[in-house]
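What follows is subunit A paired twice: with subunit B in the first complex and subunit C in the second.
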Partner chain A sequence: MRGVPRWQIYAPLGLYLLFTLIPFYWILLFALRPSGSTSLVPWPVTFEHFDKVWTERSFATFFQNSLLVGLASMVMTTLVALAGGYALARFDFRIKRGFMLALLCSQFIPGALMLVPLFEIFAELQLINSLGSVVIAETVFQLPLSMILLSGFIRNVPYALEEAAWVDGCGRFRAFCAVVLPMLRPGLIAVGSFAFVHSWNHFLFALMFLSDQGKQTIPVGLATLMGADSVDLGALAAGGVVAAVPVVIVFAFIQKWLVTGFSAGAVKG
Partner chain B sequence: MATPRRLPYLLIAPAALLMLGFIAYPVASVFYYSLRHYNPTKPWRDGFAGLDNFVTAFTDDPDFWGTLGFSLQWVAVEVVLQLLLGLGLALLVNQTFVGRALARSLVFSPWAVSGVLTSTIWLLIFNSQTGVTRYLADAGIGSYGTSWLSDTGTVFPAVVVAELWRGVPFFAILILADLQSVSKDLYEAAEMDGAGRLRQFFHITLPHLKDAIILSTLLRAVWEFNNVDLLYTLTGGGPAGETTTLPLRIASIAVDSHDFGYASALTAIAFVILLFCSIVYLRLSKFGGDVK
Partner chain C sequence: MTIRTRIGRGRTAAALAVVTTLALTATACGDDGSGAGGDRGSEGSGKGEITFWDNNTAVRHDIWQEIIKDFEKANPGIEVKYVGVPAESVQSKYDTAIQGGGLPDVGGVGAAMLAGIAAQDALEPLDDRVTRGPLNDKLNKNMVESVRAAGGGKQLFTVPTSASNGVLYYRTDLFREAGLDAPTTWPKFYEAAERLTDEGNNRFGYTIRGGEGSIAQALDAMYGQSGIGSFWDGDKTTVNKPENVKALEKYAALYKKATPAADLNNDFTKMNAQWDNGRIGMLSHNLGSYADHVKALGEDKFRGIPSPVVKEGVRVQVSNPVDGLGLFKAGKNKKAAWKFMEFAASHKANSKWNESAGAIPANTDAARDPWVNRAEPTRLAAKALNDGSLKIVQLPYHLPDWNTISKADNEPEFQKVLLGKTSARAFLDDLAEELNEAQAEWREQKG
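This part shows the complex of A and B:
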């Protein structure tokens, strides 16, 4: 489709960019200007709100907890999905069809509606109020899609390459590490960062399974600030900016893999 | 190298065990509890309930039909608007123009923003003292002290816009990914035949995108139905229960009145509705049918 006049691209795009960016500007504005100011420019800049959420509102602790949960879910999801994805990509086995079907069906299961039985399981396992419960829950609900995605990426690596390595005397595992793993980099980055961002952002499991203030995560901290009787807008905005930082970094990093990652075919099953 | 027979089973074992323990078993227990009276704060009533919980939902719960209706309205409005805007956006950033890479990362960025953070941002925009309405009032539009989130007339458009803000990029990313695989030759051939841009869109682009659109709308519909983060933190289901979806109501029953039996019955109903609608949708849309 050539010959589209430039203004027909820039005009709608500009409008949409305003809709996307003004909310980001708005939160930065509230985070950086002094309380009570109604200026539309955050000048002079103040960091009082950041000081406040970080120390008084324990966002330092929440940040650390969220980081732990995010990284642990990322590692667990990627490892388990890699093993399962390899099996789905490379072998035919009797329960394969049924297993694939279960993976797809699990997409229809609302995590929010599983709260009660999950709570009971974690209570039984003595994991309530431990970050372990949230890590397990996030991993489990991330697994199906991650496995489907990774098996798609593995299928794109020619089997012949692996077989060639076996002929050279490598075992299956060594061949996998030496030949397949390097070629899976985009897939692993995509799946790993989805898992991290997803569990960094997720709210309900942490809300339900962690009641100790010292164990809570950033989204729960934000919700608490919002639920206060008189909301401290400056502190809330600063908390939101803190919540966004790691996600923005990850997003900038995976940007170029985002679209290709999806088009690698996995989305279509 | 011969395929070791047990290897694939060993490889899927961790995933399978996790999913059995933390998805399959909870699902089974939801259906089991839905047939029981089960409330930890009223242990004397515990026991088999038959279909009591379901009868209560359909005939005796004044909020059931209202929350179900709102859920369907919410899902329909969100999915349709997100799809249309996402499709338009994907077509735009698929063109070649100066600054395309930057434009893509900027318009996609809300995709990574959480529901709670979205609530945070839009709470700042909608609040009555220093939100957008204040500056509009300064400029002579509307009146001071207006809060879109606490007025039953404006709360729906307000939450719809907030959810659109972070939801559109999902469709834009998936559709853009699929647009990359349309063969350029097709457009060139169409141009030779004198087909205009509109006809090229309806005869080449749209048929190519069909499966991606069906799948992404379905996944999104299920997700919008189930996800409670945004509404829970932005409106809490209010004002006056105006924005309470079925899952939000289930969560509040479980948290506030601890009536786990009844909450489980509502969950089971939600399941069946989702499953039924998904099957009907896939059948009617002939997913994976003629195109490829």
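This part shows the complex of A and C:
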């Protein structure tokens, strides 16, 4: 960008950053200032709201549950999407086009529509009130997009590399692990992180399938802080910070691969 | 690159993987909850575990823990599993459980959602249990009638626990500075709204609710001014009577003249936060937010009074939903569940709960407790309820469509009224048509 004055780059970026960060500042402000304070700076700092949500309102448990659901959904989604994406990329079968179309169409079905059937299925499987139900539902709903994304990545890996590995004596699985998998790192990170963040933030399934206080997740916990007539804004903001931290950390570490991942996967369908 | 080899083996492997995954996940622990809406349940032994869903857990969580502890101490052998459900989602949680199973034994059911749940045959009628037990003649008659009407008019499906009446909160410091009288009449209310507004300095006389929940508040202001004391005239609604149209025109005209422009999307959270943190003269809400205002402003800077009077000694307010506890038919231990409901509605527990919530107790003994007179808004609301000056316009909670009519269908329409894109008359005529149709349909179904 030679010849462009620096301020023309930094001024709009700064404005955008300000616009993005103000809501976060507001959350931090409410979370850190004492109840009843109208100060625009969080001073004196208090951690009473964090203490309240973490201990009294069981956010420690919700956090643990969300982490379990997020990690399990991430692993299951990535593994199954990897297998499905490989099949879509490397095999030809009669209903492939229809299958791809069905995968895409499934994205238009809102989760709420499937709630009662899913509830009944999980009840039959004795999975209501188990984190397993949320993990399965999250995985199932995230699989179509993840499979399509990963199939794009796998197509971009030259097939000749796999064939060379076969010639050297590898079976399909070993060739896949030794040759293809290492080249899929950006895609796996993109799909995995997307699955984690989506599960971490998702509210509906956890609300409906879990009816035990000790098994609820962070988004449900946050919603329970909002009453019909009254809201403890300090506690809600502190809960919001607790909920945001893992997502911010995940994105801070993986943003480089995430951008590469999504753009690479989008090159070829 | 395409390959047709090994597909058969691949399919077998895929099928095996699916079966294994399902088998592994199915081994995870869990219970199937109790039954769905159609299940009859059973009385049970009167001992064991019961599940209680709290429909408004945010600020009630701690007090319920205390009551449950007291109950378990008084009833050894019964354990109450508390589940806090977010207030916003409780209706959908009940609806899903009615269809799919997993209903609790006892649940908090407000009058606004009672019709829908009762219509799905999920709740046990409670008339006999109430009259045979210690709650007989101990529950506020108006609240009992209110929940009976909401449940269809014949049977009692919830034990009322509290009412959270409408309150007009005003900033005494701002009123004093401006030399204004308390907004006890509508002319005083409008005068204060106008005189306290100084838009350039971000000061406003009133904050209007333009977003979620706007209809009930608009109806409250409308009937409060018109003085019409009933929602129905036979089977036709009174919402679009000329007096109401005039009142709504005047009320909606406050928007942007005496209120912030952002009020268009105000739900109660934003409205209250705005009032607690800014310099706004008046706010209409209910007793439920009193504690938040005390926390934000302190007790000296504001007062909470009943709505302004139409004329000396005559005040009209629309009903606020009466909260209550329902016993679910599908419960497997109704005997123990009923014991818990009786305990929660008893003098001591009901008093404790309502003192914490700042609401009016349904238990008549609890309503006479000294704390009711200590919190001014509760005392004034209770006094207005009991001194004969207040006419309550019962909103049509009995209509299963009421929530849809008053929220999804008409909140956006009310925003158009505020923006001047539609007239108050057109809005109320459409609302009346919808209500009359819903009432006719309800009559037909009722037979």
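Couple of notes before you dig in:
As a convention for this text, the second predicted complex is superposed on the first by the 247 of 269 C-alpha atoms of A that agree within 3 Å, B and C clash if a C-alpha of one lies under 4 Å from a C-alpha of the other, contacts with A are read in each partner's own complex, and residues count from 1 in each chain.
By definition in this document, a residue touches a chain if its C-beta (ideal position, glycine included) is under 8 Å from a C-beta of that chain, and two chains touch if they have at least 3 such contacts.
As the structure is a prediction and not an experimental result, all values here were calculated from the model.
Once the complexes are laid over each other on subunit A, subunit B and subunit C cannot both fit and instead clash.
With both structures placed on the common chain, the touch criterion links A:Ala87 to subunit B and to subunit C. In the superposed model, B is the one of subunit B and subunit C that contacts more residues of subunit A.
By the touch criterion stated above, A:Val116 is placed in contact with subunit B and with subunit C alike. Of the two partner chains placed by superposition, subunit B and subunit C are both touched by A:Thr38. When the shared chain is aligned, no partner comes close enough to touch A:Arg174: not subunit B, not subunit C. By the document's definition of touching, neither partner reaches A:Arg97: not subunit B, not subunit C.
Look at A:Leu127: by the touch rule set out above, it reaches subunit C but stays clear of subunit B.
Of the two partner chains placed by superposition, only subunit C is touched by A:Asp229; subunit B is not. By the touch criterion defined above, A:Ile136 reaches both subunit B and subunit C. By the document's definition of touching, of the two partners only subunit C reaches A:Arg57; subunit B does not. In the superposition on the C-alpha atoms of chain A, the part of subunit A touched by subunit B in one complex and by subunit C in the other spans residues 38, 80, 83, 87, 90-91, 93, 115-116, 120, 136, 172, 223, 226-227, 231, 233. Taken in their complex, subunit A has these residues touching subunit C: 35-36, 38, 56-57, 76, 80, 83, 87, 90-93, 115-116, 119-120, 123, 125-133, 135-136, 159, 172, 207-208, 211-213, 220, 223-233.
Within the complex, the subunit C residues that touch subunit A are 1-4, 6-7, 10, 14, 17, 21-22, 25-26, 28-33, 51, 53, 55-62, 81-89, 92-93, 96-97, 99-102, 104, 110, 164, 268-269, 272-273, 277, 285-289, 291-292, 295-298.
Looking at the complex, you find that subunit A touches subunit B at residues 1-2, 4, 6, 9-10, 12-13, 16-17, 19-21, 23-24, 26-27, 30, 38, 40, 80-81, 83-84, 86-88, 90-91, 93, 96, 99, 102, 106-118, 120-121, 136-137, 139-141, 143-144, 147, 163, 166, 172, 197, 200-204, 219, 222-223, 226-227, 231, 233, 236-237, 239-240, 243-244, 247-248, 250-252, 255, 258-260, 262-263, 267-268.
Residues of subunit B that touch subunit A in their complex: 1, 3, 7-9, 11-12, 14-16, 18-19, 21-23, 25-27, 29-30, 33, 85, 88-89, 92-93, 95, 97, 103-117, 119-125, 127, 130, 132, 134-135, 165, 173-174, 176-178, 180-181, 187, 191, 197, 200, 211-212, 215, 219, 222, 225-229, 232-233, 247, 250-251, 254, 260, 263-264, 267, 270-271, 274-275, 278.
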